[in-house]
Amino acid sequence: APKESAVQSSGSAAAPKSATIRIGTMAAPDSLPLYVAQQAGYFKKHHLNVKLTAFKSPKERDAAIAGGQLDAAVSDAVALSTYVNGQLGFKSATALTGYFGIVTSADNVKSVADLKGQAIATMPRQTPTFYLDQQLAKAGLKDTDVAIKEVAAIPVRLQLVANKQAAATILPDPFLSMAKAQGLKVIAQSDPAQYQTTLLAVDRALGQNQAVMKRFYQAYDQAVKTINKHHASDYQALLTKQLGFPAKIAAAYQLPHYQAAQAVPTKTLKQAFAYAHQTGILKQAVDASDYQLQVQ
Amino acid sequence: MLTVSHLGVAYAHQQILEDVTFTVGPQEILAVLGPSGVGKTTLINAICGQQAHTGTVTLAGQEIDPQRQQLALVPQDYGLLPWLTVAANVGLPLRLRHAAANQQVMAMLEALGLTPLAKRYPAALSGGQRQRVALARAFVAQPTLLLLDEAFSALDPVVKQTAYALFDKQWQATPAPTLVVTHDWEEALVLSDRLLVLAQGHPHLMKNALADLPRAQRVHAPAYPQVLADLREAVAAQWAK
Amino acid sequence: MGKVKMTAVALVLIHAAWAVAALVVHQAVLPTPWAVYAYLPQLARRQLQWHLFFSLYRLGWSMVIATILGVVIGIACVRLPRVGRVLDPLIYLTYPLPKIALLPVVMLLFGLGDGSKIILITLIIVFQVIIGVRDAVRQIPASVYQGVAVMGASRWQTLWYVTWPASLAGLFSALRIALGSAIATLFFTEVYGTEYGIGYLIMDEWNRLDYLGMYGGIVVLAALAFILFAALGALEAWSSRWRRSA
Amino acid sequence: MGKVKMTAVALVLIHAAWAVAALVVHQAVLPTPWAVYAYLPQLARRQLQWHLFFSLYRLGWSMVIATILGVVIGIACVRLPRVGRVLDPLIYLTYPLPKIALLPVVMLLFGLGDGSKIILITLIIVFQVIIGVRDAVRQIPASVYQGVAVMGASRWQTLWYVTWPASLAGLFSALRIALGSAIATLFFTEVYGTEYGIGYLIMDEWNRLDYLGMYGGIVVLAALAFILFAALGALEAWSSRWRRSA
Amino acid sequence: MLTVSHLGVAYAHQQILEDVTFTVGPQEILAVLGPSGVGKTTLINAICGQQAHTGTVTLAGQEIDPQRQQLALVPQDYGLLPWLTVAANVGLPLRLRHAAANQQVMAMLEALGLTPLAKRYPAALSGGQRQRVALARAFVAQPTLLLLDEAFSALDPVVKQTAYALFDKQWQATPAPTLVVTHDWEEALVLSDRLLVLAQGHPHLMKNALADLPRAQRVHAPAYPQVLADLREAVAAQWAK
């Protein structure tokens, strides 16, 4: 049988002998710089042979990490705490540019504070819920003030809210944009310039290879720079094919301002780990900074 | 009265029975003789509606319909249900009619020496025992049409006599048109009133010269050896054609 | 009691294989049996009985509904040939549909509670029961029916005296397959709208990458499954006593 | 050609039910058949043939491996009673294990490519084949073996002349069940490490909330499944010619 | 030479055969008579190793082992494999020994009038045709031990004579110890050298007074009617006990 790469239109040609990095990506704007760096040849230029593997859900991504099939993965702060729990040896390298929004279909919900007593569809013990918790806290609510409906699959969550079987849910893009397109209200959205919970997790070997990491960051930063000079309209193919944007949504999409490679703010990471400890993911308190790599 | 007219059966382009016409009186027993593979079983199956055929079969003037007429058949392979005990198999025709079965079944089992086997399943029986269960099932049904397809072939001579006697008794009590398929000339003479000899799909009716004697006495009749020899000759002549 | 002994042998074998694999892989993904068993008491404290109860509740209902539907449809497919000729392609067209894709529709219609879970499990396994029963009924030779037909059995009597007993072994085989599928399906139905169920427990532990807890849950699940299979086996042995004398 | 006609009737029925449901629900989650069919050409332009090819490739290998393993183990369970007494509990203990939980281990051993997908599908369906074959072999009455035993048949000859033909119908029934499961499993194996496959296509469309595309994929999948089921049926009819004369 | 010594069989607490001891010479045919359910089939099955038993059975001094000795059995229910054609069923014993089968099979089918049925499956045969296929299969095997369990019971008188003659011919060509279970006194007299009468699990050996005559001539022997009557009486006496 032909190899899939032979069929793929965007198959990469044989790279020069260089460091190979296997990265798991998610269908979200967070992964865009990786794809741009790949497509524009930035990785190759920095003698990195990067292999991107797309995942549809965190579950399979984490299985691939646990199965030793990935050197790095687009992940998030709470997921990182599960890697700690699972002793996978992954650490946080750079923060990625990603964001969440809380959407609602309830007419009487105008702000986060109005969520009191409402049903919220989410998957507890994951980063979106961590974000929700923080937003609730800001609005003076506790997580017991809302009724959590546990639903793993994001499209189902969106559907539940659209059908008014739940009042609100927390979504990343592209689902956030799709929700907006369906007429759902966004009552809160995180700003990637200040609040970053998605990150690139890397395994021990890669994390310790500072030379390679350095080249990686250079390629990444170059991609970020390039993206920030362009508009979503320049990345329609990537957005629709790799990042899961429906064509219509992609056309109307506004790219966030991408951040150069930088460590996740230690404070955010610590909060996430504290959340992980509090929800039972981490059996004991863990110092988050032990799982954070410096970004030079 | 059973009326079979212009009955024909074909399997996959091969005509087995053709234009078979005969009647069996309401109180008559017809023995069916014929070489192996001539179509005796096929005839029986066609009569009781289990085989597609041309022509018509009527019982007491009505088309045969097992749901409205009480038929009883002892198939060549006994046709017992493996998941029912001997007693349940024998009682089945009564149960299907929502009639009480127990007492009659037990009496019939006793008469055929099957009482100790009442609670066994057919798989744990000998060939002859299975055949007797099938006979008991047919007798207990008090049918309006009785069809026996080589129904005594697996019995030893002693038990066979008992079975003949029982058959006679049951039949006298509730006579019905009856077909007895057999390969045994003696059985034909002892049980039947008339003989139907099948040869190459065509029927030939013959008288049973002993038909006027009570069944139990026929073997002992002085004419018996001669009648048997004559029958043998006549039938052989039919088949040879 | 050779059966008990052999089950013990099987248990030893499976644990040995597991232990060897765990020692070879030597990663948190695959903990050793002893580590998992040592963790079990801790798991038990986490309302294990309620997790078991809810899973059993959902399994039980799905199996009952799937059995009833499967037997009725499976038999109808063969015994009512006209119905069958329409149902057969219907089954082949709908069986392999991704039930996960039906999730939104099922949720829309039945909500997030046990109702939609039971419906979903049923949707997955009912086809297996239908196909198993139908194929078993199809294999009954015509000659078996002949006897009761001549005796004048009605449709229902034929069903009761022939079709049902003759296809029982096939039904049990199908139920075994369906039971395994149903249990495996818990991991896909107990991930929404519930905090109880063995499926939920395992997935939750997995989401935390808590492999000890996850394997603990799996061990409990395997034990549960084994008991259910044994129960099915006993029921079959009882209902097919007549085979024993063959 | 009553079969073709009845299949047409089934198709009409299924589409009618779908249309009614779509009109009643009246939501994007459940588009109408005509909307979906209108969308199909668009879907076809998206390398549908390669999606089909890769799914078939994975399905094919899994079915072949599961059939071979299932037949061998299923027969061994019955014909080698000692082996069977150990294998039976092993099967009951491992069948319902959540294969999804084995994902990390499978990935560890077989990577992210087609290998791990094929193994995973095989792991899910092989038990169904084993159980189906085993139960079919178990039902062969001892008397059938007696004839060839007296003639001095060797173990292999007995296998070839009795066990195999006598359990073939059961094997096909099991393969039908397994095929359905295997197809349904694509949605769970084609969501990582690939960009091709009908399962991938459907999940991808679902994640874009593109229900037209999703249902289009489902329609294609149902057609594929129907063809595969028909092929299995034809194979069975051919291999059990002897039943026809009964 | 077949030696059966102290053979015993019990089913579920019921002793069917007890301490059965006899021998069959290397060129001898033993007829086995006994009432239905006495254990004839059980005896045959025990001899060919298909029934758990106590005591020993040896053939030419060795324990019976179907894989090393060539046994042939016509079971009471014919034991044909439904998925093999008539020709394949008949050729099976040869095929299992990796011997060429075609020619011999065809000759045997011809001799039993089965040639037109060669490509049929057993389900499409009449009872007597099936039985003839089973006979052909046994004859073609040229066995070192031949066991016939009511193997002529479903044949019509004419075909039966052909089958007897064929049996005689085959057996003369390759004689072997043979057991013929039958309910037919005449069959016993015509085919056998000696008689084994089973009564309540115990064997009684009797001479066949016609054993010295060639098989084909026995029915026509002047002594035949008397010998038959004597046998009938003697056996009935045994069973009555």
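All chains are identified by letter, namely A, B, C, D and E, in their written order; residue positions are counted from 1 within each chain.
In this section, a residue touches a chain if its C-beta (ideal position, glycine included) is under 8 Å from a C-beta of that chain, and two chains touch if they have at least 3 such contacts.
Just so we're on the same page, UniProt names per chain: B, E = ABC transporter ATP-binding protein; C, D = ABC transporter permease.
Everything numeric in this text was worked out from a predicted model, so none of it was measured.
Counted as hops between touching chains, the shortest connection from chain A to chain E is 2. Of all chains, the one whose CA centroid is most distant from that of chain B is A. Across the assembly, the chain pair joined by the most C-beta contact pairs is C-D. Mean C-alpha position of chain A lies 83 Å from that of chain B.
In terms of their C-alpha centroids, the spacing between chain A and chain D amounts to 35 Å.
Between chain D and chain E, the centres computed from C-alpha atoms are 49 Å apart.
Contact of a single residue of chain E with at least two other chains is seen at positions 77, 123-124. Annotation for chain C: residues touching 2 or more other chains are 27, 29, 104, 108, 141, 143, 206, 246. The set of chain A residues that touch two or more partner chains comprises 59, 62, 66-68, 155, 159, 163.
Under the contact rule defined at the top, the touching pairs of chains are A-C, A-D, B-C, B-E, C-D, D-E.
Listing the residues of chain A that touch chain C in their complex gives 59, 62, 66-68, 82-83, 85-88, 123, 125-126, 149-153, 155-156, 159-160, 163, 165, 280-281. Considering their complex, residues 45, 48-50, 66-73, 75, 77, 79-84, 92-93, 96-97, 120-121, 123-124, 141 of chain E touch chain D.
Interface residues of chain D, counted against chain C in their complex, comprise 2-3, 6-7, 9-11, 13-14, 21, 25, 27, 29-30, 85-90, 92-101, 104-105, 108, 124, 127-128, 131-132, 135-136, 139, 141-143, 169-170, 172-174, 176-177, 179-181, 183-184, 186-188, 199, 202, 206, 214, 218, 221-222, 225-226, 229-230, 246.
The part of chain D that touches chain E in the complex is made up of residues 143-144, 146-154, 157, 161-162, 165-166, 240-243, 245-246.
Within the complex formed with chain E, the chain B residues making contact are 11, 33-37, 39-42, 76-77, 124-129, 131-132, 150, 153-160, 183, 185, 232, 236, 239.
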